[in-house]
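In what comes next, chain A is part of two complexes: it sits with chain B in the first one and with chain C in the second one.
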Partner chain A sequence: MTERVLAIKVPVVTHERLDDEVIAINLETGIYYALVGTAADIWSSFDPASTTSVVADQLTLRYGANASRVKSDVEAFSLRLEAAGLLICSTDGHREGAPVIPRLAPGARWETPQLEEYRDMADLVLLDPIHQVDETGWPRLPEPQE
Partner chain B sequence: MTVAVFSPRYAPDPGGIERLLSHVLPMLTAHGHEFVVVTGTDDASEKVDVIDGIHVYRMPFDEAIDSGRPGDILHLARRLRDVELMHDVDVRHIHGFGDIGLWFALRCHQRRPCPLAISVHGTLDSAGPIATMARTLLCSAMVVSVVSDAVRSSVLAVVPEVSHRVRLIRNGLPSQATTPRPWARGPLVAVGRLEHQKGFDVALDALALLDESCTDIDLVIVGNGSRRDDLRSRAARLGLAHRVRLVGQLPADGVMSVLNDASVVLVPARTMEGFSLVALEAAQMGRPVVASSVGGLAETVEDGVTGMIVPPEDPAALAAAAETLLRDPERARAMGRAGQRRAATHFDLACCVKAYDQLYRDLYACARPLATLGAEGGRD
Partner chain C sequence: MWDSAASGIPMPRPPWSPNDLKPLGLVGPYCDDRFHTAVDVHTASLSTFDAAARRAQFWLHDARRMAYWQSASPLRLILSWWANSVDMQLTHAAAVGSAGRAVLLVGGAGAGKSTTSLACLAAGLDFFGDDYCLVAVQPKPRVHGVYATAKLQPAALAMLPSNIGTVRNASRLRREKAILDLPAPASRRLADGAAITAIVAPCVTGRVALERISAGASLRAMAPSTIFGLFGATSGSLRRLASLAATVPGYRLELGADVDRVVDAVTSLVRAA
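Entry: the complex of A and B
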């Protein structure tokens, strides 16, 4: 049986990596996600699309870690990412190109990846009626309608 | 030891948290504490001020989130980390919930944990939208300070597990430079952001209900906000346009001057009012306060002694209380005097500063430098 190829669900998901951290936003749900360390590396490994086996092999080498543990973690984490609507099964098959992953920090070791989820970001933005303020600190009034 | 203070905004913003911090932090600096303030700005780029010797970083949190660009968010989070490292931050102190800077503070704390204090200034709504993030932070805090017993109850309703870490630190204000004038019949006054939660529409309705003996009484509303036009329209509909003055923003001494002319100060809030510095300022000016029975208002205003407490969203009750005081100047004066005494004894700034001083000393006892945490177990 051919292994499924997974890809980041663009353009529904917008994402960027800085060093060992990824921020991903599901624009459909408004949920923000942070992925750090091994979680960020798994994420980046699916850009371009890939299979969990290929990703696990790459990360086993990268971390010099136990292959079965990495495979198990990658498979479980990929399922979590799919469930969150961040990864989808790619119909294009495996795409050319290698993932861009920064150099591993000295002393970094394989840890079970975590998906940090922030569901109330949109609410926080909406909740902030206080702080559209002018230079004197008082709330800024809307421009008069023409 | 250096404390990173996170506040929705900072001076010269006129909000309650901002005013409190602008008084408290310089006094704590004199006690040997060092601070760096991290706050938000509506501008697209960061601004750094030094106010009273304290570095204030105004960071474009809203701009980063509004952009929807993860890279902007990451870079700002990284900048915040660098600011903390540059100032050798050992301890974090978050004031208030309800702005997007909270998320950046949370991220900062998750990546580089250190002793954390959270000061809750408004009552929390257990069903509110920030409950998840607030809960996470409250559970991470070594100390949760609350400004009133009402706020304490609301916090414990959301996170009962932090009960042993909660301490009450009531707000305090310094003696006012403005000299209180003797009480005289004058306008009703309300001060604050012109937002729904402040209930100034209820004050307008109450003005309309005052009886014939009070037709000389105006209502002065100080402040701006999204409801300004609604309030103006409502006053016109009620036939009160000539008795309602929406004077907009005023500097601090201007606010005190208006309070000094009031016969009664109204605080008709609907919700979330954890303490009300306006009620305290009114008391300092010797003015009786009529406030709604929400949040911590019944603790700041002693019902029947320094003012009167009425149900929220009840214009008839608000009007009746104001009328009672307008008809009985001696009672109004007595309440004003009692308010002044209570402000000096219960809400002394020195007591407030002493409590925060102790809070920081308790946190320092558990603090290690952030860089050490990062090297030993932080994920950076």
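Entry: the complex of A and C
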């Protein structure tokens, strides 16, 4: 069976990497995420689209870590990213180019990746615009405050 | 720019289906690299912008019933889209400074941006905005003021001199933040802009303290409220903010009741670098 190719769910997800930290913002859910260290490296490895096997092999080499542990961590973490709507199964297959990952900091070791989740903006998207318009198709005028 | 109540001109039915509205209010089929269209259900208004023709349209039902926050910073989406078209970024931040240098105060609602920036204005610093400022990253980070207003919790008015500005909505402070129209000297500082020397993420802890934070933490303090407040902004917005965070040092400023120490901390960052 062909292994699934996973990709970052753009443009729904907007993301940037600074040093060893990634911020990923899901514009549909209002939830944003911080990924640091190994989590950031896994994220960057799926840009462009890739498979968990390829990502695990690359990161095993990068960290000089135990291959089975890295593979297990990458698989579990990518499932979590998919569940959060950050990664999707790519229909395009592998894309051109290689991941852009900064040089590993001296002494950095493989650690189980963590996904830090922030929901303080989620209220902004909980209002459903589809159900906030009237029969003319325009938003209902807010009721007077007095 | 018009409202139906004053002009008597009703809005025709939109050419899109309600299902075309994205979660933040963008109208999917009418948004691409050139055209931007958003229906704001919070304020019952429509904003459009054609980046190639540099034409914008803004409509709302009734300007007399405009949300108070919208009247304090009107046309925010349109200004944001225009800024992106000239490689600048409308940013959810306050900014204060002196002698052509300024710090950005960033963070979500309640972080302390308005009170801190107005305390700095009262202490004689230049004021570029308390909520949204225009930021250019290239060739060097620079901030420009956009609005000559400030919004803050009514209780915070007591911490500021009474002559700092005129409260526009004094009769409605039980349910609205106070909107301050700032006097002419502050307004004149809006246009010139200043070099950004620091990004500061304030947070209320009860004691005044300043510490360096990583570029990633700086971006995390600045980007989400900017992006979501601008309906997702545009595809280059997060990149611009990341570039700013990578270029300018970031700090966490703990806020306490000693306003003078807060102003001193901000002033030290304006003068640093």
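Rule of thumb we're sticking to: the second predicted complex is superposed on the first by the 121 of 146 C-alpha atoms of A that agree within 3 Å, B and C clash if a C-alpha of one lies under 4 Å from a C-alpha of the other, contacts with A are read in each partner's own complex, and residues count from 1 in each chain.
By our rule, a residue touches a chain if its C-beta (ideal position, glycine included) is under 8 Å from a C-beta of that chain, and two chains touch if they have at least 3 such contacts.
Please read these numbers as outputs of a predicted model, since none were measured by experiment.
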{"item": "Which superposed partner A:His15 touches (first chain B, second chain C, both, neither)", "value": "both"}
{"item": "Chain B versus chain C as contact partner of A:Arg119, first or second or both or neither", "value": "first"}
{"item": "Touched partner set for A:Val36, first chain B, second chain C, both or neither", "value": "both"}
{"item": "First (chain B), second (chain C), both or neither touched by A:Val100", "value": "neither"}
{"item": "Contacts of A:Glu28 with chain B and chain C, given as first, second, both or neither", "value": "second"}
{"item": "Overlapping contact positions on chain A, where the chain C interface meets the chain B interface", "value": "14-23, 25, 27, 32, 34, 36, 118, 120-121, 124-125, 127-133, 136-142"}
{"item": "Of all residues in chain B, those that touch chain A in their complex", "value": "8-9, 11-15, 18, 40, 42, 62, 65-66, 68-71, 73-75, 77-78, 98-100, 102-103, 107, 110-111, 129-133, 193-195, 223-226, 228, 248-249, 379-380"}
{"item": "Residues of chain A that touch chain C when the two form their complex", "value": "11, 14-23, 25, 27-30, 32, 34, 36, 118, 120-121, 124-125, 127-133, 136-142, 144-145"}
{"item": "Chain A to chain B touching residues, read off their complex", "value": "14-25, 27, 32, 34, 36-37, 116, 118-121, 123-133, 136-142"}
{"item": "Partner chain A, residues of chain C touching it in the complex", "value": "11, 13-14, 16, 18-19, 21-25, 39-46, 61-62, 65, 67, 108, 172, 175, 214-217, 219-220, 223-225, 227-229, 232, 235, 237-239, 241-242, 245-246"}
